[in-house]
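First the structure, then my questions, so here it is.
Labels A, B, C, D and E are assigned to the chains in the order they are written; within every chain, residues are numbered from 1.
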Amino acid sequence: MPKLLGTIIRNLFSKPATVNYPFEASPLVEGTRGSISFNMDRCDQCQDCERVCPSAAIKVYPDDKKIEWDQFKCIYCHLCVETCMHKAITALDHVQSPDYKKSVTVFES
Amino acid sequence: MSKQTKGNKLTVFPYGPQHPVLPEPIQLKFVVDEEKIVDVLPNIGYVHRGIERAIELNDYRRNIYICERICGICNFMHGMAYTETIEKLTDTVVPVRASYLRTIWAELARLQSHMLWLGLFAESIGFESLFMQIWKIREIVLDLNERTGGHRIHLSTNRIGGVGKDMDANLISTYFKQLDKLQKNYDPIANLFHKDAAFKEKTQNIGILPKKIANHLGAVGPVIRGSGIPQDMRTTGYEAYGELDFKPITYDSEDVYARALVRVDETYQSMEIMRQALKQMPDGPILNKNEKFPEGTAIVRVEQPRGECFYYGIGNGTIHLERCKIRTPTMPNIPPLLHMLVGYEVADINPIVHSIDPCISCTERITYVNKEDA
Amino acid sequence: MAIYGQTLVALTVGLPVVSGLASLVLPGKTIRSVLVSVTALVLIGSSVSLLGISEFTYNPGHIYETAVLVLDFALLFYFLYVGMKSKSLPVIGLSLLQLVPVAYFEFVLHGVKVENILLVDRLSVFLVLIVNVVGSVVVVYALSYMEEHEHHLQLKESRQGRFFFFMLLLLGAMNGMVYSNSLYWLYFFWEITSLCCYELIRHDGTAEANTNAVTALWMALIGGVAFIGTMFVGYYTVGSIALTKIMTAQLTPILLVGFAFLALAAFSKSAQFPFHSWLLGAMVAPTPVSALLHSSTMVNAGIYLILRIAPALKGTYLSLVIAAVGAVTFTLTAILAIRQKVSKRVLAFSTIGNLGLIIMCAGINTSLSYTAAVILLFFHSISKGLLFMGAGVVENRINSRNIEDWEGLIGKLPFTTTVMLVGMATMFLPPFGMLLGKWVAVDAIISTPLAFALPIIILICIGSAATTFFWGKWLGYLTVTPMTAQKQVKETLPTPYRFAMMGLLAVSIVFSAGAPYIINNFVNPLIGEAYKLSVTSTLMEVNTGIGSFLVGPFWIATVAMVLLGVMITKKKGGVIVPAYLGGENVPEKPLMFFTTADGEAEASVSTVMLQSEIDEASLNKFAVIIGVLLIIVMFLVEVI
Amino acid sequence: MALNTSTIISIVFLAAMPFLGGILMGVDRRLTARMQNRMGPPLIQPFYDVLKLWAKEPYIANNIQPLMAFMYLGFAMLAASFVAFQLDLLLMLFTTALADICLIVAAFSAKSPYSYIGGRREFLVMLSYEPVLLLVEIAISLVTGTFIIKGIRAYETPLLLLLPAAYVVMQVVLVVEMKKSPFDVSGSAHAHQELVRGVYTEFSGYTMALVEVGHWVKVVTMLAIVGLFWAPNPFIGTALALALFVGAILIDNVYPRLSWQRMLKTTWTIGFGLVIVNLLALSFGGVI
Amino acid sequence: MGLIQKSQLKSPWVLHFDCGSCNGCDIEILAALTPKFDLERFGIVNIGDPKQADVLLVTGPANKRNHRVLKNLYNQMPQPKLVIAVGTCACTGGVFHNCPNVLGGVDNVVPVDVYVPGCAVRPEQIIDAVVLALNKLAGLAQSEEEE
């Protein structure tokens, strides 16, 4: 007797395990590493985040007090969040959504 | 080859780099007589990115992340091996709790990887519903991953000198609960792997790798354990493994079936090790920062899900490593794979190729020699 | 009317002999071509004319009887000479086994006297039609083939005179054989076909050809010995060696032994197990010989004999054993054919198998199965002639008999390959005649008692699937063409080739489509002589009472489908893209892919032969053993 | 031919066959998904697939391939029409073989190793199910005395009661015919295998659509034959056919793909063994 | 015409090619097919044969070795076709941006329709991306009709 038969028949008569995602929300786990956001009021343009970023996704322009964050280059490791001494970078738990074009988020004070 | 097949016209075809059964690009050029494999020639390098060179170019502290992305499946172990290398080069002592955490997460990664493999293997032998079933259960492991490190795949919790995240009592009890749930769901599947007649027929007596040849060709991990050699780097006692009770799992039948069973049993073993470690884990600090630059040479060997992974680092007292050589487990398993394939049928290609659990993105780094330095 | 018939009989037997002798004597290519072509035309014409004639008997006269007697002894002494020359004990022994009894029979018993020496009935006429139409086409085809063949062998002196002499003699002997009512005459013509066969197989004179020719000869001589056995049985039980007398006599065990001898002779001629090796060995001869032996002459002699005696054996165990031999042969050859590499060997196995099927049908011996046998015989001759001719052309063009070299032939020789493809399709696919025959055969089997039918049903199921397999994979292999949009290659062929192949192709298709007509007008009258009619066919349909084959609608649907398909695919069109090779295609080279170190390798495909699954040597041994056993059983069943 | 009611019903049935097949394939995918604890695609997903394929840019392998793909569908429909018009069962089988040959020639002609090996396996598929199906059909006509479906339907005793083993054999045949595990060696609908898409590898766009519809028709034809096992009541016959259909899906989900050697062995031993035993039993029972 | 357009939106068959990623995105693509996410709800089938695929899912950065494979696969897909760059590496090269053998994002080799950031991407993002891509296809088909 094939060993999977029981499981298969049980599956057939039970509710699918599927989360009908775009039509119902996917349950988010606490502490998910998602996008980041810069609080320019706290930032003192020390460029630590730019230095530690493994994928060089953050560009700090100290003169213009401007930070460019390339969300299509970021690997969402949140090392910058850990590193920032002024807690100027906020970790968000929603993930970046796909897009037709690559774009860069600019934070200005 | 038997006399009869001599002088026949042969079929030649490429298996990969794009092939639905292989998630990753590797090409095997097959020469088959009707359906019997006569010759096979590997062609690797499709995923070569030059990571070792990049490691030498980067700030050594940033490399954890690039090492983790050598392979998304054993990412934690790559990060761990790299940090261990740097820790040896900088004489950093890792806190006990951190080494326990690393052990737990390493086993979690093994669990994830073996479940992934069992699913992929099921799909490779045309057993789609088993694949779905295993991957459904695997979501529990990914959930634990996400609760721990904030991501389903990449934990990214290794830091030089320890780990970056701790586990509170709540999370630990979740671990126990989820592990029990996982085991309960996993039992019928393990039962299938051990007892199902059709599964046995598909996997037994193919891809035979005799003990002697396995040793001779330097197979590692479940491949060599499936040939009856109890070779397991965890027995060297790195991190917290020395304090835990486990024995390498071996099977003697030397075929694809043995390799599958090694992995099936290792999932149980991983769960057991995790439970032990979670119980024994002492309180204490998790990170021991050390600002020294790496100097000297260091060798680290860890047991990844696919076998022994080897890190060799040379530091020269600067922020850059002089040299970092990584030998991942799939590389030594390719020569045994070629040995396993010849003489079997086209229908056996999938299970045999999958039986070494190829992780091509691990494999593909070639030695890069800087001319000016050399 | 009788005179007209007698003239046609004389023409069909005498003309080939005369023009054969002429071609032996007269030099020159043109004369020979004209001679052969005219003979072919006359033969076709007279065999068609014979169709209009009802049954009649004919005694050629004393002089001919004496001539036959003298020639027969000459023939036997020649065989003895051949045996001594080639130091072949079987040939010597079997020749002596004939010489002594025949001498005794003739000079002591004076047993060869028969009232009606020749008898022309429906079956003879039908056979004559097959022999002469297909045979003549093959002989015409041989005109071109032998030119190329001798050019290829770089012969200094042409041996074509000799070749065409024996080819034509074979046709004449075949015609004479099917007319014969006297067993002695039948035996005489039988031996002439053996002679022709022997001489034609060793035509090229190589060592292999000589060995195989001798093998063919001694196997054929077994048939001769068996004939003599029947003659003695006939003489002692019925008092006559006229077939008509023997067949209408009360069946006694001794008489059945006589029939068993005839069946044995038929098996040896039709290459049934265990006698199949001679037909495979005959492949060394030039292809027209194979075409002639396999399609219309030689092997059909055995079939003719079985068909001739079948009505007398209705309901006997002997008949069942005959069916068993046929069924076993059909199944095993179909399996063996799968793994053959040499094109002509595949065809040979197919021939043996189909003859087995026909013999099986004759052995089942109901009205329906007899119909199936006749239909199969008819369409098999045409298709097999066509296929051998195609194979011959291909062989001369690509200098290989190995079907592995036939890959993608449709790109190189579009005309011949198309002929071959259709020819293969006629062998095993609906709506062609062979399949119609097989379909009737299946219907026939299920209308027989189960205890007997069951083993045959199983053999047929396996055999027909294997047949589909080996034809299909070969057919498919010819179409394996590279992915480039290539220019249409023009194929130039000599006229005889074109005429012969197109002619037989047309005959095959037209007769397949007109199968109901054929059955109504030629097959049914023939059946009616011995059985109750069971197949009714209207213009569109063949109905066996168990099933109905809608020949007309099927053809209409098929033709409509092809037209519609061509229309739709033309309209849709398409861009030709290279094959899927894992994404590593080399640009501009459709079958190459990049491999290790960026080297280029060619993707290739092999044929399907299941060589590791089918063990030819042991299957062959098994076939011989089971064949011998069945023949022993065949002689034992009379006692029961 | 006069248009009477039964002819019209036959024509309607024939025309509905591809649609029935499509719906059945949809049911198949939905059921498979549910057995794997998923939601699965909409029921009419197969029609979306085929329409999409039809509208795709036409890529072909060579000039023979599209015609052969069309002929595959055409002969599958012709075989189906033998069932729809209640004609000869035996001829239907031969026509199915013809359709298969067309598919294989299309696959062979592409000269791509994957589709070639797929075609080779398709031959083995034919070799394994054809003799068995032929035997089942012969068994049916041994009982009913005719090969004509009309005559078989007129037979009063339900065939299932006389030929229960043949019904079981049809399950094996159906699994092979539907290209389901464990016997999806030549190319399965959507599962991955060592041959990429096997016999379907080189089809693309409208040629694939034609082949797909042809496959539906073949499956429905086969199910219609299963329906003959309870001819007196068409509803029970349909239920029998659907039972085997669901059975095939169930088998698909509990078995891995086995080798073609195993396929041949299984179909031949089960097929020949069971049918012969059944026939012998009937023979001793005095039914035939 | 409406019916065919709807079918195109309802039945995107995908071809997955790993261009040199770390496997993270690959396994997430596979995970998206499994019961919890079940891409087949949208008619998505991982077909594995470029000749029958509509959507090319590329993971990982293009490198000097495999760009020709990617190009080839793209060329073997019949129109209409979509390319989705799955993962940060496929978009820009990500963490491998300074590796010596890497060319950067896959848009250096084939035109990309939808970019999915994330390392590794989550199955939900893949679903979002496919929905986005199909919207684009719908827009495309409409504009063709207007012409």
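Criterion: contacts are C-beta pairs under 8 Å (C-beta built on N, C-alpha and C of every residue); 3 or more make two chains touch, one makes a residue touch a chain.
Quantities reported herein were computed from a predicted structural model and do not represent experimental measurements.
**Q** Any chance you could name the chains that touch chain A and chain D both?
**A** Expected: B, E.
**Q** Find the most central chain, measuring centrality by the gap between its CA centroid and the centroid of all protein CA atoms shown.
**A** That would be chain D.
**Q** Could you let me know which interface, B-C or C-D, is made of more C-beta pairs in contact?
**A** Result: the pair with more contacts is C-D.
**Q** Could you tell me which chain lies farthest from chain C when each chain's centre is the average position of its Cα atoms?
**A** Chain centre farthest from chain C's centre: A.
**Q** Taking each chain's centre as the mean position of its Cα atoms, how many Å separate chain A from chain B?
**A** A distance of 26 Å separates the two centres.
**Q** List the centre-to-centre spacing of chain C and chain E in whole Å, with centres computed as mean CA coordinates.
**A** Distance between chain centres, rounded to whole Å: 60 Å.
**Q** Rounded to a whole Å, what is the gap between the Cα centroids of chain D and chain E?
**A** Going by mean C-alpha positions, chain D sits 34 Å from chain E.
**Q** Counting only residues that touch at least 2 other chains, which ones in chain D make the list?
**A** In chain D, residues 33, 35-40, 57-59, 113-114, 116-117, 120, 192, 196, 201-202, 204-205, 253-255 touch at least two other chains, as defined above.
**Q** List, in ascending order, every residue of chain B touching at least 2 other chains.
**A** Touching at least two other chains: 11-13, 15, 17-21, 34, 58, 65-66, 69, 129-130, 132-133, 136, 151, 154, 198-199.
**Q** Going by the touch rule set out above, which residues of chain A reach two or more other chains?
**A** 2-4, 8, 11, 16-18, 20, 54-55, 75-77 - these are the residues of chain A that touch more than one other chain.
**Q** With touch defined as at the top, which chains are paired up in contact here?
**A** Chain-chain contacts present: A-B, A-D, A-E, B-C, B-D, B-E, C-D, C-E, D-E.
**Q** Note which residues of chain E are touching chain A in the complex, please.
**A** 35-38, 41, 84, 88, 91-95, 97-98, 105, 107, 113-119, 122, 124-125, 127-129, 131-132, 136
**Q** Can you name the residues of chain B that touch chain D in the complex?
**A** Within the complex, chain B contacts chain D at residues 11-13, 15, 19-21, 34-35, 122-130, 132-133, 136, 198-199, 201-202, 345-350.
**Q** Contact residues on chain A for chain B in the complex?
**A** Residues of chain A touching chain B: 2-4, 6-8, 11, 17, 29-33, 51-55, 75-79, 82.
**Q** What residues of chain D sit close enough to touch chain E in their complex?
**A** Going by the criterion above, the answer is residues 29, 33, 36-42, 45, 47-59, 190, 192, 196-197, 200-205, 208.
**Q** Can you list the residues on chain E that touch chain D in the complex?
**A** Those residues of chain E that touch chain D are 3-4, 6-8, 10-11, 13, 34-35, 38, 40-43, 45-49, 51-52, 54, 76, 78-80.
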